[in-house]
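Only one structure is covered here, and it is reproduced in the block below.
By written order: A, B, C and D. Residues from 1 in each chain.
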Amino acid sequence: MDELRAGATGCTAGIDIGASFSKAVILSDNRILSRHIIPSGGNYRHAAETVLGAALEKAKLSRHDIRKIVATGGGAANVPFADTISSDIACQGRGVFFLHPSVRTIIDVGDLSSKVSRIDANGRTSAFLLSGKCAGGSARILQVIARVLRVKIDEIGPLSLKSQNPVRFNTQCAVFAETEAVSRIAEGLAKEDLLAGIHLALASQLYTLAERVGMEQDCALIGGGAKDIGLLKAVQEIAGHACIVPDEPQMMAALGAAIIAGESGA
Amino acid sequence: MTKVAIIEEETIRCSVIGHTGPEQRKLAGRVVKEALDKAGLSMEDISYLVATGYGRINVPFADKQITEISCHARGVNALFPEARTVIDIGGQDVKGIKIDGQGKPVDFVMNDKCAAGTGRFLEVIAETLGLQIEDLSRTAAESANPARISSLCTVFAAQEVASRLSEGVPLGDLVAGIHQSVAERIIRTVSRLSITREVVITGGGAKNGNLVKMLADKLGYGALVPPEPLLSGAIGAAMLARDRFQKAGPGQMLKRPRDFGEVTFFNA
Amino acid sequence: MADEQDAKKRRKATEAAGKIGGMVRAAIGGTIKAKQEGKKLAYAFISSSYDEIIRAMDIVPVWTENYAGICGVKRDVNRFLERAESLGLSRSLCTYALCGIGFDQMREELGEMPPNSPWGGQARPDMMLSSGQILCDPRNKWYQASQQFMPDVPIYNVGLPWPMYEDDVDVDDVADYYIKHIVKELRGLIAFLEKQTGKKMDYDRLSGIVALAEHTWDLIWETYEMRRATPTPMDTGDAMNTMVPMVFMMGTQEAYDFYLALKAELQDKIDRKEGVIEDEKYRLLWGGGLPSWFALNDFNYFNSKGAVFPAETTYRLVEPIERLNIPNTSDPVERLAWRWLRYWTYWYDKARKRPGSEPDVERLIQYIEDYKIDGIVMHEAFSCRTWHLGLIWQLNQLKKIYRPIPVLSLGKPARRENPSLILESDIIDMSSYSEVETRSKIDAFIETLESLKSNQIA
Amino acid sequence: MSNETINGRGLAEAERLYRDYGIRAKKLKEQGQKSIAYVCALVPLEIIAAAGFIPIRIRGDVNEPITKGDIDLETIACPYARSCFDNAVKGRYSFCDGLAIPHSCDSTARTYSVWRYVLNFPYSHFINTPHTANTSALEFFRADLKNFLKSLGRFARSEITDAKLARYVELYNENRKKVMALYALRKQDPPLISGAEMVKALVAGLSLPVEEASDLYDQVREEILNRKDAAIKKLPRIMVVGSAIDNHDFMQLIEESGANVVVDDLCIGTREFGPPTAVTDDPMDGIADRYLNRINCPRTYREKKEGETLEDDLAARFGDAGKLAKEYAVDGVILYMYKYCDPFGFEIPVRKTWFESLGLPVLYIEDEYSAGTTGSLRTRIQAFLEVIE
């Protein structure tokens, strides 16, 4: 513990204010002291305060111990106490590189949009693409379907794996997906087949995006969607090779932000 | 929503509106029964039954399924013979229908791929803001200064609205901005037809006075709204049922037992 | 504070670019006036090799793509697009054409210019000159669609092919029948115009105009080359303006004089080492696609981040005349035909020397080298296939076949990674554009360039 | 010969060749027979066949999501072209030895390099079909086709004689006649063969050597004429007009909705099989004439002659389709177009006007080339049929 305190003079924090979740990571000399995640709720500013507070508490630190704070994510502009803002693409890249330096392609399945990027041997982003202005290709659809099927979001992955016979899912719209799912289930379709179909459809969109920036064998799936083992399986099936899912895939941008905070001078 | 209208000759004997859940078949049966009870009729008294709408195939006891396009056209014509364009704002899609003096559709367009610009968009926003769908119009009317909503996508817009609310943008301005955005999308969809007067706005969206007003502003003239806009499709279906029955002549229609076929899928 | 910073970095536009607004307005106003004076007006498409012919016949061209672009800049396209849609035209078609057709239909229906038309409106033509070249379907079909409500306006469609790049076909082997056909098409156009105007073509005058146009070509090419200087004296944001005389006024003295002035201005800036921005950090290539006309400000945004565009492929519609190897001929029409063919096949021989290369890719490579490019930016407008199909592939191919530039390889055998950003929106349809999103993409791109630069130094 | 090359008969065989597209050519490849993949009806098949190759038309697949193809091709190309490309990238045509692409439209012409490099066939060629149709263009086109012939000859290492060309002109004309004989079975009410069956048969033929395709069409016709149990009822008669349809799903959707598709103006339809090649001294004259002047596709510009009224012009451009509508006694027309298809897109208003002037109701559908759109199309089609009723 004392050791930690000692190193605390060099502490940095990364905060990722996502559309659905806010995450914070506190880092000291390349060691993760603590991390925390909470739902963003309606008020980003409030979420930022809360998530950092909780992460500090876990690390037994106070705001004064933090040398530098970098904010990222869609709500980054709402973090008044951040020293700088960095794009989520750059942060994710650094975060993944920190844990898995061999990774070259990153697929981030976030709540509202998906992002694909490539990093070079130094962990720098060399190319990236974002899914468009339609939430159809993001993790949101998973949430929607989980609600329709009345299962917890953590359960949809395992359930999907049971499917022998994935259906073809037609609707791309994250909102109308609900309606289609409801009527397909009403027609008597098995939940797992529906899920597997949705996973395939989403995976194929992700794969196309990834191939556009150049998909390599060393590939990581991150973001909330990466916690979904059904989606992972579908992506791997389409890509034809394995993908790494880092521990706590949702925290990658926050981690990277903390790393960037540490790099950028005193 | 599931709606039932029973007509006798020219008059509407009774109508009922119920919520459409996932169990459409079960519901359709229930709402029809309710309407029959209300009218003091039994199923045998119904000479012909037409089902319409997104879930029309899930009405096993109907004599015929007819698309909502023909039904809305017919229904609106019965209410407003001078109508030439129908804008139907439903939860599942938005339609523009051009009709002739007989209530036959001559051309139509629809948006059913993207929830933005449909009634569903408003539902999602209402849910996000913790409002009832019925209150949206009133809330929007409070605003003199609608906020510009930059996202088109329903999901993005909901997010945008939530975060701007937390930034202190007045609720009314946001809701008014949302109405503006829906109205623009609707006009964009429907203007693929050359819109001619009179224009009638139907479907659940027409219950939203603020939306109707914004649409009229964009059209540059007033639009007509039926007294119960949710019912135009059902009324049209009933009219078409009567038309068919009359055309066939009494006794010609096959009388088969109507199977209410109650089915439940969620036993959990 | 942010404003202060911006002010410091604010780009310095060329004076030449500043003149363009007035010139365009005058040109559009001029067509309306010409109409009143009884001159013959022709709807026309840019880059169709008939500029000189039109000028020599004293026909006033109405550049319909330009007018749609103006509506875009003025952000007044929606009513015209919606009108076109209500006629039954899909919104997925070329939005220039949709805007133009919508506008024309409105004007015909009203019997006068639609109220508050941008810059006075687009005058009714006496004839329409389609362009059935290999470049673009909308230019082949647009005027034909307009004939539905202007049936009295005749069309001449000039079909001008050029050979596609093939490994096993040398342009010289096929040039013969291409030239023959192109010449015939152009002569057909002359005959058509003679008929419409009741005047004969004055071939001496045509020769003079062709010569003037070619001098202008060379001059323009020189101004492009001058932008290789560091810091670059002019960037794409400006070029999207200064291209106007090249594209819409070719063959006029005014265009020539314009580029003469531009050249002098650039030289002056180079001598004084005055760049577009003070602190030029990144040099970017606009590597394809038409810009979003309503969002030209995005170039300023790039500038505010320390990035400049010394070069672009879009609208660079000239090559040095001498290098085109045009055979000796005293016939101006034949000369036009050869210039056309050679311009479009200019990069073929170069491409042949690099396996896996393609003319378009070769051009990118050349510019990357000539202009010391750090990154490429492209734009994929959804409504125009012509300029926007194949861009992704070109980028992929560039990565595949282009050898790393030593400075970036840092002693590592890794391939050069060309950072790439593909924006998705449209030329004039604003409904698909989001400034916030575009700018956050630009931010992320700049960060990418930054990290590559820091790798270079490390 | 026919019995040996085609096992199974008529419709069943067509179905098999349609499902397992290219299977016959793969088999023949084992015996050393080469083939050339091509897109679009504007590729002169006579030339390819005379050079000793089986021409194989590249198809899309409405049931297969476009994935690999999108990696190299922008999504603003028309979805039909994208699906064709996607299928090719996925290796469905890797058994072919070459590729021929004509200048049909921006979606194909502007992507030629992408096709060429990504698919990497030993041979590829671009046919520069002119956009305008006048005598100069015809001469040019003829020269360009000669160039194609030469280049193919180099690849085949054999000389393509005029006699061979003439022979294939004859064989293809015969083939087209047989297709039109199948169409004639749909003039009756109810038609003897459904739209969905027709698509399968025609498409199947496009993967075969022309003689075998002709045999197949004969057999299908024979089977249809002897069919007693056809489940085709008397229903509204529909004509489908549009770009290219190479899957049966859309026809099936119309037919399930309560109508019979009896004729079309489509690629892989009458536009492609209707016009014969004129027999000329130099066979290339007739070939150039057919592919430039007779295949009536909107990508070829046909000018309004001086003094012609708009009505004259429309009659000249769409008269063929109008005649078919009459001959086949259709009750309504479905204009079917893919998103981003500029050549057809700009003609939709006039085409609509034209058919309506013949008293035919018109439904205009803009589609995505995906079976996924079936649900929303069904409502549109049913509503249209309700209008016709």
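In this text, contacts are C-beta pairs under 8 Å (C-beta built on N, C-alpha and C of every residue); 3 or more make two chains touch, one makes a residue touch a chain.
This is a predicted model, so every value here is computed, not measured.
S.K.: What are the two chains with the top count of C-beta contact pairs?
M.R.: Counting C-beta pairs in contact per chain pair, the top pair is C-D.
S.K.: Report back the single chain whose CA centre is most distant from the CA centre of chain C.
M.R.: So the chain farthest away from chain C turns out to be B.
S.K.: Distance from the CA centroid of chain A to that of chain C, rounded to the nearest Å?
M.R.: 41
S.K.: Using the average of all C-alpha atoms in each chain as its centre, how far is it in Å between chain A and chain D?
M.R.: Roughly 46 Å separates the two chain centres.
S.K.: Which residues belonging to chain C are in contact with no fewer than two other chains?
M.R.: 87-88, 392, 396, 434
S.K.: For chain D, give me the residues that contact two or more of the other chains.
M.R.: 71
S.K.: Can you list every residue of chain B that touches 2 or more other chains, as numbers and ranges?
M.R.: Residues 112-113, 151-152 of chain B each touch two or more of the other chains.
S.K.: Looking at which chains touch which, would you call it a line, ring, star, complete or other?
M.R.: Drawn as a graph, the chains make a fully connected set, so complete.
S.K.: Name, in rising order, each residue of chain C that touches chain D in their complex.
M.R.: For this pair, the touching residues of chain C are 87-90, 92-94, 97, 130, 132-134, 136-138, 140-142, 144-145, 147-148, 151, 154-159, 161, 163-166, 168-169, 174, 177-178, 180-181, 184-185, 188, 356, 358, 360, 380-386, 388-393, 396-397.
S.K.: For the complex, which residues does chain C have touching chain A?
M.R.: Interface residues on the chain C side: 392, 396, 399, 412, 414, 417-420, 422, 424, 432, 434, 437, 440-441, 443-444, 447-448, 451-452, 454-455, 458.
S.K.: Taking the complex as given, what residues does chain D use to touch chain A?
M.R.: Residues 63, 65-68, 70-71, 371-375 of chain D touch chain A in their complex.
S.K.: Could you list, by residue number, the parts of chain A that touch chain C in their complex?
M.R.: Touching chain C: residues 86-90, 118, 120-122, 124-130, 132-133, 212-214 of chain A.
S.K.: Provide the residue numbers of chain B that touch chain C in the complex, in ascending order.
M.R.: Spelled out, the residues of chain B in touch with chain C are 150-152, 187-188, 191-195.
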